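A short worksheet on the structure shown next.
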Amino acid sequence: MSAMGPDSLSFVVVMYVGAFGLLVIGAIGMVMSNHLFRMVLALVIAEAGANLLLVLSGWRDGALAPILGTHAADVPMVDPVPQVLVLTAIVIGVGVQALAVSVLLKIHRIYGTLDVRALRRHLELDICRDAGMAPEGSREAPAGERPLPPPIPVADALRTAATDQTGATS
Amino acid sequence: MQLPALPLPALPALPLPGALTPLDLLFAAAAATLLLALLLGRWRMAGPLMVMGYGVQFWLLLETGTLRGEPMTAAMRFEILGHALGWRYDALSWFFAMITIGAGFVSAWYAGGGWQGLYRSQGHGPRLFHVALAANVLSMLLLVGSGDFLSLFIGWELVSWASFLLMAVAGGIAAQAALRYVTYAFAGAMAVLGALVLIYGVTGSFSYADFAAAVPTITNGQLWVLVALLVGGFGVKLGLIPLHLWQAPAYAETPGPGSAFLGAISARMGLYAIVVVFVALVGIGRLVQMEIPYTFISARELLCWIAALTIIFPTYTALQQHDARYLLAWHGIGQGGYMLLGLLVGTANGSAGGLLHVFNYAITQAALLMAVFAVMYRTGTADLNKLGGLFTRMPITFVVLLIGIISLAGLPPMAGFVSKWLVYRSLIAAEMPFLFVASVIGTLGTILSVYKLIHNIFLGQLRLEHEQVREAPVSLLAPMLGLSTVIFLAGVFPGPALSWVAEVQRALGLEVISYTLGGVESPQGSIDMVWLVGVLFAGFGVGALVFYGFGGKSKRVHQLDNYAGGHFLTADVRYHYSDNFYAGLMHLIGGLYKGGFRWLEGTVTSTVDMLSFSTVGVYRYVQPTLFLLAAAAVMLAWVVL
Amino acid sequence: MTGLFSISQGHSVLPVVLPLLAAFLMQPLGRVARPLALLLGPATLALSAYLLIRLWLAYGDAPYALAIGGFAPPLGITFYVDRLALLFATAVPVLTLLFWSRGEDDADPLRRDAVMLLLAAAATGLALSGDLFNIYVFYELVAVASFGLVTLRATGAAYIATVRYLLLSALGSVLALVGIAIVYLQTGTLSLAQLAMLAPDALQNPLGLAPFALLLIGFGVKAELFPVNTWVPEVYATAPTRISALLAGLVSKLAVIVVVRLLVLAFDGTGATQLMLALGALGFVTGELAAWRARDLNRMLAYSSIGQLGLVFVGFSLGGTAGMLAGLALVLHHLIIKSALFALATRWRGALARLTGAARSAPVSAGLVVLFALSLIGVPPLPGFWAKLLLVLGLVELSTPLALGALALVLLGSAVEANYLFRLVVRLYARPDDASTPALPKPKLLDFGVASAAGVLLLAATVSVVPVSGWLRGVADQAADRAAYIDTVFPTTLVQSGAR
Amino acid sequence: MRNLASLVFTAGLAFLLLVIAAQLGFGEPPMRVGGAILEQAPAEVGAANIVTAVLLGYRGIDTLGELSILFAAATATGLVLVRGRKDCGHGTSDPPGGFILRTGADLLFPLLLVVGFYIILHGHLTPGGGFQGGVILAAAFFVLVLARPGADGSGGTSHTAIAFIEGLAGAGFIAIGLWSLWDGGEFLAPLLGKGVMGELLSAGTLPLLSLAVGLKVGAELAGLMTQLAEQPAGPQHPHPQAEDRGS
Amino acid sequence: MIPDVDLDLQTLFALVMVALVLVSAVLVLILDNMISAVAASGVVSLGVAVLFVLLHAPDVAMTEAVVGAGLSGVVLALGLRRLGLWQLDATDTSPERRGGKPDA
């Protein structure tokens, strides 16, 4: 721990807790939510957390911003490299979010819902239809490839039932 | 058994043409035959051309002279990724190569003749068939000549894929049976690869010599793993008991002469590999020392009992078959058991019996299958319930089948008797009475099923639709008759065949059998076939003399010019029962046939199916990011803690 | 441009920059001279391929480092060009050209070509870059470009698959960023060469392995590592087949090569290799088992590529030159075969049931499928066997219980693989029972050309296995050599100042 | 069950990250590369703002990569959104902004432009630079679109103009880099001397680079937001909620 | 530029900001109404921007403020508008409207 005394230690601890807190909350949000839009929001939070951690890795206690001219030249300055990395990371995050929102828009237009479970079923049905085959577990493609008994159309069943009575009575 | 280390001079990868040994010429001839089949397969005269190709190969094999001379190493040698890859022939390889090329020769001869017209009419091109046959012969020649474990595995894979090609040529049911075969064969090959790699782990190289030297130092536990993997892997091809379900449908559904070739030699490649690894390198003595704790069974007894079961179960399954090809294919599995049993006994007579049975059974199976396909050629079916009384129409095929089943059942005048007798003799001499009883039960089953075979096809009442059936064309009869004479001669004068076997025993370092022209002269038991057959034919001669000399009063009448139970016979009534031939016997022992092995295969397939169902579930999970998070947490925990 | 003819080491940046320039100019040029814009993409790729081949010929044997912007290595970003990097960098423009989508979907061609160029530029960057964060940026560019390309078919399923893949990849990138932050906190540098120098003391402790685990997950998403590859079947089934070919064949390999460079330079010797071995073996088994149930060709190829990449991870995790050689052999083998299989899939897309008797109408393609199936499962004379043999021998030499378990899994997985591949082959050659199976679409000449070229390449490799394996061993030795990497980036004169 | 599993795993991850954080060095990072840059940056690049010096100088290709990521995202959004728009043309876009929004937009537009360009041009002196300035420019144009969406909701912004600015700015960035390569140096090496520290015309090509970045980012994001604004509101099948008037 | 008046004041200020940020992050996940969720994510971004200032990283703070609160706020809001989720009062409780709140 640097010579700055105990309280600077608590500053860094607070910051680390903030960074990891954001990261974890973002992760929880992404995994547990059932609505795609909320997952994108959680992604925003997770990225903010990661960026905070990255800047923290360059922070030096008692050092100032790496801008010359605003303070005396020989004052210790914070490490500029992580800040550059974060600049890039933020812009990447925005790019990915914009793309995510636009794809969500198209999904909503086609399926009308953004619920993860419903979309998962839609995905499977669409892939099977696109490949030109019956989806797994349906009548045409039983899961275990065990052929199902042919369906008895309702009309015939009634007719056979009717003939049984007549047959039985005659 | 010391296969000398491969002398590996720092040769460039491909040798100069000047230093070609006859062995290289043999490989080159086999490759040339394959090329010939590829290019000229569709041409009508392709059949005889292929026969000539196999003839050249046979001549070159004799040229190598490795039967009696010292082993020959091929100049074709590679150094890939630091592993030496070489081929060498010794008496053992010569023996198996001779049978392979012989089987190829006869099959090509049979396929080149009339059968080609039938095959073409069924919508298949003969070119692919000849290519598959030539590929099989080439890969088998490479396998039997393998000089180290790497070339053994490469040859093994080539053989299994070439036989897949031959099986799948006809398509339809054959293709499905071939697919089932490929699954078994490739699982076996992976087991073999696992074993070879473990050997590499122990000895540090793929050469036989290093392994032979390292065998005494290998612990029993490691050797048990090797035995399990290698016998499992090679046993798939040989059709040992739990892994035999694929062989009957696969060999039976293969078109005509292909089935004869596969039945004759293809399964024996598994035997060759087991001989090379366990008899030559590990040694039967070492197998005897590997005791299973708390039981008196050693590794050898275990393998013997697997071989015995392989004799019994398939033979009694053959009883129930109603298709002649399936009946003979099931027998193929059964007879494999005899060969392994003989070799595992390890005494002079035992191993000689095992090896001789490879030769005898090869010619017997080929002759029988060709006879059955001749019947199919004429009548269009091999279903025993739809045939009968063809003796009058196809007498020569009848004679060929008769000679074949006598040899298959192991009765005196024919070759099968000599090798089975040797195996029985060695079992008694080696104090293994229960195994002897098991093999006799097997022979009983064989006799019953072969009788069903000849009775349902040739004896009994001729069917209306078979009235105009003529004898098989000469081009089919010639190879069949050739094989029959070989069976008869090998039965009467087993001397030459025994001489080959003696050379092989010497190459393997086993006790050599003392043989004479007529049979065996040894303290454990001797037999002189010439004298035995002489007595037999003397008896026949006396019987014929009495019959023709004094009797001869029989009058040939038409089969319906007869009466039974006071009624005249009419053509539409069946007086000759062939369906469910052994109902009584099956009633007695039917309980044993719950399809235990089919159930075993079913469990394996359903476990794989259930596993894949769960893994697909993983890939279709609703929330993929959960897996990412889980992976992160688990990996960090594993790292930090 | 006098530099065009006399190639200099400085030009090795061009294959990354030129496609970017072309992508930026695509829109303005499109509005000015549309046909010229459509030709701009392939022309740039051809130029960068030409440059790379000239570089290979001129400086191929000895590796060299290139300081971008003229700043000395630890401060600025360096490009490290050795044979492995050149090999993959050249593969990028060549394969992108071969799988250049020729407008079969009605997407806006200008935007699609721009995104393809970005993908190619970023992939080349991934192969050449020698800086940790620079690799992260190029990886992210590859990811965003692939998101764009996967939606080209504009079907509902494509969008769902893309958004699931996007969220998974974004979360992976966040974790990778955390990993980079921890690495920077510990070593204070991002240049791989300096990391390699500092690694023995800074990164060996468990705290060193944590960033590797995070980076492995971050880059594992694209490299189809086991737990994070759930996106693969959906995306390859819904994306245009040529894009799937590019993603499966090439881009996943580059992600693997990046992970391997990290492993070799900064994190070797730690428990990292066991981590990769376990995940690789699991990936192989689940990939093969899932492929066993697949009922349409694209998803089967997707699962098979997951399996093969699991095998690649097992190969690279063996460590040392043996592991590098095994991994490289598997990677190149899979690259050729998967691209060719997907090229065939452009014609045979859809349910496997429709392929019954396809060999009758497309005998050569069916023959190629047989050849590729045989080589995938490792049938001897074909190169697939030698690659698998190297892997299996490496596993036995490792002979830890984990390695032997992985060996058993690899062998069992291969048996399952043989079954489902040859179930397809038998279906291809089966006689179609009902004539109702729809006629297959006419093959595109270039795709058929790609597949047959791959087949010829495979056969050539089979015949010339000895020289090819010698060359590959050279590449592997050079790639696995840490000291050479450090010396090339920090010529001995600068070592003192660099490692202050 | 899924939520339980995710809670367990996330708690585990949080705990492990904290364990790692505990072992990490607090507050005194090993300033290897950072320290060297702090010393050499004023001399080598001559920019007052060392972060911009690193951003456009030392790690220039990172910025180029990031630029192309934003370009890729914008183009991919274009690919995704532009395709479907033609078929369902009923652009029930939002109503024109109220009086306050329109006058506010007119007042803000010039101010935003000035602030944007100021930040871009002084990137190498004061905090800020290409990206921040570019976003402000984009906001300036988008405020107009919000105020007067017009019939198709694009508020009259011409996509061709945006495409040209975007393309040429990006090409400019790379041209400067290639120029230094062609000039015998390395790609993106700083040129045109250092100038006087703190002056507007100092740090060689950095201001030009940040101008290129600013213009490109501005054009791109303006185009992105306009494309989003042009999308028809609500899902295809009419939704009860679609017609109510948002604020 | 905040003068270094007193170290613990800075720590106290940091504590407040981090608490604010974490609370609004949790709110993003819990709030039913999507608009308020987007607003909460804006608050998170601005909070993090202030933290960046505390960490002497003015460039990053400006970028985060402009891009986080400005651009992503606008993009997400536009997305909501077009998704038809722009719904001020939370009366309608259909799951579609509630945005599938995590039912932990």
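Per-chain numbering from 1; labels A, B, C, D and E assigned in written order.
Quick note on the criterion: contacts are C-beta pairs under 8 Å (C-beta built on N, C-alpha and C of every residue); 3 or more make two chains touch, one makes a residue touch a chain.
Quick caveat, the model's predicted, so the values are computed rather than measured.
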Target chain E, source chain D, minimum contact steps: 1
Shared interface partners, meaning chains that touch chain C and chain E: A, D
Centre-most chain, if every chain is reduced to its averaged C-alpha atoms: C
Chain whose mean Cα position lies farthest from chain D: B
Whole-Å gap separating chain C and chain D, where each centre is the average of the chain's CA atoms: 30
Whole-Å gap between the CA centroids of chain A and chain D: 23
Centroid spacing, where centroids are CA-atom means, of chain B and chain E in whole angstrom: 77
Whole-Å separation of chain centres (CA-atom averages), chain A against chain E: 18
Multi-chain contact sites of chain E, meaning residues that touch two or more partners: 57-59, 63, 67, 71, 75, 78-79, 82-84, 102-104
Chain B: positions in contact with at least two other chains: 609, 613, 620, 622-623, 625-626, 629-630, 632, 636, 640
Residues of chain D engaged with two or more neighbouring chains: 2-3, 6-7, 9-10, 13, 16-17, 20, 29, 31, 33-34, 37, 49, 51, 59, 62, 65-66, 69, 72-73, 76, 80, 84, 127, 131, 224, 228, 231, 235
Pairs of chains in contact (touch as defined earlier), listed by label: A-B, A-C, A-D, A-E, B-C, B-D, C-D, D-E
Of chain B, residues touching chain C in the complex: 13, 78-81, 153-154, 157-158, 161, 164, 168, 171-172, 175-176, 178-179, 182-183, 186-187, 190-191, 193-194, 197-198, 200-201, 608-609, 611-613, 615-616, 618-621, 624-625, 627-632, 635-636, 638-640
Residue numbers on chain D that touch chain B, as the complex places them: 2, 5-6, 9-10, 12-13, 16-17, 19-20
Of chain A, residues touching chain B in the complex: 27, 30-31, 39, 116-117, 120, 124, 143-144
Residues of chain A that touch chain C when the two form their complex: 23, 26-27, 30, 36, 39-40, 43, 46-47, 49-51, 53-54, 56-58, 81-82, 85, 88-89, 92, 95-96, 99-100, 103-104, 106-107, 110-111, 119-120, 122-123, 126-128, 130-133, 136, 141
For the chain A and chain D complex, residues of the former touching the latter: 1-2, 4, 8-9, 12-13, 16, 20, 23-24, 27-28, 31-32, 57-61, 65-69, 77, 79-84, 87-88, 91-92, 94-96, 98-99, 101-103, 105-106, 108-110, 112
